[in-house]
Amino acid sequence: MPEAHTTVAAADAVETVDGSKPAGRTPVRPARPGGLRKKLELTLLLAPALLLFLGFVLAPVGVAVYYSFYNWNGFGPLNDFVGLQNYHDAVAGPVFQHAIVHNLIIAGLSIAVQLPLSIGLALLLNRNLRGRSFLRLVVFAPYVLSEAITAVIWLLILQPGGFVDQVMRSLGLGGLIHQWLADTSIVLYTLFVVLTWKYIGFGIILLLAGLQGVPPELREVAALDGASSWQTTRHIVLPLLGPTIRIWIFLSVIGSLQVFDLVWIMTLGGPADSSATMATYLIDHGFRRYEFGYGSAVAVLLFIVCFAFALVYQRFVLRRDTDGALTRIVG
Amino acid sequence: MSTNAGTRPAPGSSRWGSVPSRPVRRHPLASGTPIAYLAALLVIGVTVVPLLFVVVGGFRTSAQINADPAGLPSPWIWSNYSGILTSGTFWRFLGNSALIAAVATSVAVGCGSMAAYALSRYTFKGREALYGLFTVGLLFPLGVATLPLYLLLRQIGLLENPFGVAIPEAAFSLPATIVILRPFMRAIPGELEDAAVLDGSSKLGFFVRILLPLSRPALTTVAILAFVTSWNAYLLPLLVFNEQNHFTLPLGVATFQSQYSQDTARVLAFTALSMLPALGFLAIAERRIVGGLTGAVKG
Amino acid sequence: MRRIRTSAAVALAAMVAFTAACSSSGGSSPAASATGPVTLTWWHNGTTDPVKTLWQQTADAYHAAHPNVSFTIDPIQNEQFTTKIPLALQGSTPPDVYQQWGGGQLTSQITSGKLMDLTSSVSSWISELGATAAGWQAGGKQYGIPYDQHVVGFWYRKDLFAQAGITAPPTTMDEFNADVAKLKAAKLVPVAIGSKDRWPDAFYWDYFAVRECSTDTLKQASTSLKLDDPCWTRAGNDLKAFLATSPFQTGFLGTPAQQGAGSSAGMIASGKAAMELQGDWELSTMTGLVSNTDFKSKLGWFPFPAVTGGAGDPSVALGGGDGYSCTTKATAACVDFLKYLASTDVQKKVAADGVGLPVNPAADSALTDPTLQTVSAYSSKASYIQMYFDIAFPTAVGQALDTAVADFFAGTGTPAKIIQSVTNSASGGK
C-alpha cells in the first residue's frame, strides 16, 4: 500500500495511510522539523521495545526453529539432522490433524458465543447499576485465577456426581447430565464452557475500555431523535466499538489456536485425543517424550497457522480501522 | 475546532459542546430496571460460584472437600488460612510475585506505549512491516521458546534472578500491548495534536503531556493484562528459579503438592489469598478505565 | 532493508551457534576428589511430609557424622522434575544428587555425559539391595542407587468383597472375572481406574505381558524394543477380553488417579469401588483423601492373578522404585551419601515413615501397616521385578505405549496397534 511521506509544510496535514485525502479543510501548520529530528524521536520511541523483542522473543523463537530440523532428546549436542522430516510426520499424522480441527472449533465458538456474551455484559456493566464496580471485579476475577487452579477446580466440580451434577439434579435438569469429561463427543465443548468462564473477563475489560470512546452525547442525541435503546446500541454503539471488537476477535482467535494449560490439566488432550489441541499435541508428543526437535517443529506449524490467520485478518479486516471514524485522519 | 481559538481545549471536553438536557423516556432496558438487575444477578451467579468454591474450600480440610464437594465447612478450619498468612514463605512468594509483576508491567507498558505511539502517529518506511513483526510475537506460544530462552538467560547470567523472569515476560507482553494500544492512540483526534503543536509542544511533549493521559483507559487495560499474565506465569519462573526463596506464588502452590497426594484445601486457601493482590490492582485500576474521553457535560 | 536482513541473519546464526555450542555437554571427566569442605546440591521430589522431613533429618544426620559435607536441598514437585532435569543436565552446574527413576530415562540422561558411573565405587555393597538395583543400570554399569521400591498389585476392600459374597481374593483371571460379576450383581463398582492419567491403564497391559511372556523375553524387550514374540499379542488380546467385561466405574475415562475424592484412589478410600490395580503408594495417596482412616483396616492386597497358558513366571511382579544419581561434578561424598541412604538406619525410617517399601531387605521389619507388609513380603519373594514399561523403555517409547494403551481403553485401536506404537516410536517414528 502506498504511503505518503512526511514533508515539510501543509502536505502532511492531509497524508493518510492509503493515500486518499479527506474532504474539507487543510489547516495551516508550522514548518515541520527536519528528518533527522524525526529519526531520533523514532529511534528513542522504538528502540527499547525492539531490543527487548528481538533479544527475548525473536532470538529464542529462532533457536526453536533451528531445533525443529533435528531429532534431539534434550541431552547432549544436536547432531541428528533430519531436515523437514519432523514437519512431514506432524502434518501427516491424524492426531495433529484432529488437533487443528479442535482448535478451529474452539476459535469459531469463541466468536459465535463469547463475543455476543462479552458485548452484552460490557454494555450492561457500563450502565449506572448500583454496585457496578463490584460487579466488574467479580466478572473479571476468573481471568485473574491461574489456568492451573481453574483446571483443578473445574475438574473437581465436573466429576460424575460432583457439584455440577448435584446442582443440575436439584434444578430438575438431571436428564441432561452427561459424562462431561469422559464422553469423547462432548469433552471439547465442556472445555469450551470452562474457557468461556475464564476469559469472559478479558473481553469485558477490553470492551469497557472501548466503550469509553463512545461519547454519551451521541446516545442522547439518538434518544432525542426517538431511537430505542436497542437501535442506539445496534446502529451507533456497536459500529463505534468496531475497532475494539476486531482487536478482541484477533486476540481471541490467536488465544484459541494456542490454548494449552486448561486442556492439559483437565484432560491431557484425551480421552483418546478427543480434546487434543495443537499445543497439547506439541507438549505431549514432543517435549514430554523428550523429542524437542519434533516439538519445536509442531510449534512452528502452530505458528504458521496463527500467522496465516493474522495475515489474512490484518489484510481484510483490521485494514478498515486505519480510517479514522470522526476526526482528522492521523498519520 | 468548535472551541474558542487561542485557548487549549481541556482534555476530555466534549467536541460537540453542551447538549440541552431534556427528560428522556425510560426504556425497559435502561439502567436500574429489574431486567438489568436480573441479568446482572445471573451473571454473578455463574461467575462467582466456582470462586466461592475456592474461598470457602480454604476453610475446610481436604477430606471434607473430598467427601462433599458442594458442602459448607463443618467445622470451619482456620488453620489453612492462618497457617499460610503467618508463614514467612507466603509473604516472600507474594513479594517476589509482586516485584516481578511490577517490573514486567512497567517495562511492557512503558516500552509498548512508546512503540505504539511511533507506530500509530508517525509515518515512516517499514512501519507496517515493523508492526507486523511485533504481531508475530503473539503467534508463538511462550512454552516453546522457553528452552532456548532458558539457555539465553543462563548465558547472560540472569538465572535465579527476578529480572530473568520479569524482562522476558515484558518482552512477551509487548505484542499484545502494542496491538491494543495502537488503534486507541490512533483514534485520538489529530486536532489535539495540531493544537499542541500550535502551542509550541514537540511531538514527544504531546505524547507525554496529552496523549498518555488521554489514553488512560487503554493504558490501564494493557497494564492489567500484563500484570495478570505475569502474576499467573508458571513455566518461566519454574525454569529460572531452583531455590525456594525465589519462588513466585504459582510455584508456591506446588509446595502443597507431593507425588502421591494433594492438599486440596491448602491449595484452595493459597489460591484465594494469591488472587487478592491481583484483584486489588484491578480494583484500583478499574476506576481509571472509565474516564478519559467521556464528556465533562454529563459528569 | 536487505542489508539489515543479512546482518540480522548473521547475528541470529551466531547466537544459535553460540548457544548450541555452549549447551553441548562438556567432557565427562570425573570430578576431582575433594578433601576439603563440600556442599552437595540435592534435588528430590518430597515437597511435603513425611518425605520432606525425612530427607532433612537424613541430611542433618549425615552432616553431623561428616562435618565437611553440607547440603543445599531443593525439593521440587514431582511433575516439574521431568521439565527441569534435561535443562539442568545441559548446563555446567547440574545438581550433585538428584532423583532418578531408572530405566529408559536413565539411559537417555547418560547421553548428556553428566552422570557419574558408580559401578566401581559401589561394587562392595550394591548386592545387599538385591535385584532391584538392576533397574538403575545401563550397559551393565551402575548409574544410580535406589532408596525405595514399588510393586503394583490389586488393592481391595474386604468389606465390599464380603458384601458380594467373595470369600477369598482371586488367584486366576477366570476367578477374577467371576468376582467382577459377583460385585456387579451386588450393585457395586468392581474396579476403579484413573484412566485420565493414562499410566494406570498401562499397568494392565504391562501385567498381561508379564504373565504371558517369559522372563527372558521381558528382559530383552527393554533393550531391543522389538515386540515380535507372539506373547505380546496374546497380552493385548487378554486385555481386550478383560475390557469386554466392563469392570470399571462409569465415566472412567475422565477419572484422575490421585487427585480428589472423585479419583480412583478416592473411590477405594471411600468404599465406592472394590478394587484398584495400583502401586504400594496407594496407601499414602488414600490417606490424604479421606478424613477418617478407618478404611485402612478394611483394605487388603492381592497380586495380579495368573493367566492360564501364559508363559510368564507367576512370581514375576511389575514395579519400580525411586533412587538417586550423582553427577560428574559431585565428589566421592555423593557416593558415600547414597550408601548412607541405602543403609539399614535410613531404610528403616523410609519404611516406618510411610515413604515407601525399603529396598534394603534388612529394613522390612520396620513397616507398620499390615497391608504394606503383605506387599513387601510378596516383592521380596518375586523372582524378577519388571520395571513398568513406560519407565523401562526410553521416554519417547514409554509415552507412546501409554498413549496407545489409553486409546485402546477408550475404544480406539487394536492390540496390534499397541505393539506397533512401541516399535514405531523405537525406530524414530512420531
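Just so it is clear, A, B and C label the chains in written order, and each chain counts residues from 1 on its own.
Here, a residue touches a chain if its C-beta (ideal position, glycine included) is under 8 Å from a C-beta of that chain, and two chains touch if they have at least 3 such contacts.
Because the structure is predicted, anything quoted here is derived from the model rather than measured.
Visitor: Which chain has its C-alpha centroid at the greatest distance from the C-alpha centroid of chain A?
Guide: Taking each chain's C-alpha mean as its centre, the farthest from chain A is C.
Visitor: Among the chain pairs here, which one is joined by the most contacts?
Guide: A-B
Visitor: For chain B versus chain C, what separation do you get between their C-alpha means, in angstrom?
Guide: 41
Visitor: What whole-number Å value describes the gap between the mean CA coordinates of chain A and chain B?
Guide: Each chain's C-alpha centroid was found; their separation is 15 Å.
Visitor: Can you tell me which residues of chain B touch two or more of the remaining chains?
Guide: In chain B, 65, 69, 147-148, 151-152, 264 touch at least two other chains.
Visitor: Can you tell me which residues of chain C touch two or more of the remaining chains?
Guide: Within chain C, residues 15, 19, 23, 87, 90, 259-262 contact more than one other chain.
Visitor: Specify, in ascending order, the residues of chain A that touch 2 or more different other chains.
Guide: In chain A, residues 58-59, 62-63, 74, 152, 156, 159, 162 touch at least two other chains, as defined above.
Visitor: Could you please specify the touching residues of chain C with respect to chain B in the complex?
Guide: By the definition above, chain C touches chain B via 1, 15, 18-19, 22-23, 43, 45-48, 51, 74-78, 80, 83-84, 87, 90-91, 258-262, 266, 270, 281, 284-285, 287-292.
Visitor: Applying the document's contact rule, which stretches of chain A touch chain B when the two form their complex?
Guide: By the definition above, chain A touches chain B via 1, 3-6, 13, 15, 17, 27, 29-30, 38, 41-42, 44-46, 48-50, 52-53, 55-64, 67, 74, 121, 124, 127-130, 133, 135-149, 152-154, 156-157, 159, 162-163, 166-167, 197, 200, 202, 205-206, 208-209, 212-213, 215-217, 220-221, 223-224, 228-230, 243-244, 247, 250-251, 254, 258, 260-261, 279, 282-283, 292, 295-296, 299, 302-303, 306-307, 310, 314, 321-322, 324-331.
Visitor: Report the residues of chain A in contact with chain C in the complex, numbered from low to high.
Guide: Within the complex, chain A touches chain C at residues 58-59, 62-63, 66, 71, 73-78, 86, 89-90, 93, 152, 155-156, 158-162, 179-184, 187, 267-268, 270-274, 284-285, 288-291, 294.
Visitor: So in the complex, the part of chain B that touches chain A is made up of which residues?
Guide: Spelled out, the residues of chain B in touch with chain A are 14-16, 19, 22, 24, 27, 29-32, 36-37, 39-40, 43-44, 46-48, 50-51, 53-54, 65, 69-70, 107, 110-112, 114-115, 117-125, 127-128, 130, 132-141, 143-149, 151-152, 167-168, 170-172, 174-176, 178-180, 183-184, 186-191, 193-194, 197-198, 203-204, 207, 217-218, 220-221, 224-225, 228, 231-232, 234, 250, 253, 264, 267-268, 271, 274-275, 278-279, 282-283, 286-287, 289-295, 297-298.
Visitor: What part of chain C is in contact with chain A in the complex they form?
Guide: 12, 15-16, 19-20, 23-25, 82, 86-87, 89-90, 108-109, 111-113, 195-198, 249-256, 259-262, 395-396, 399-400, 403, 406-407, 409-412, 425, 428-430
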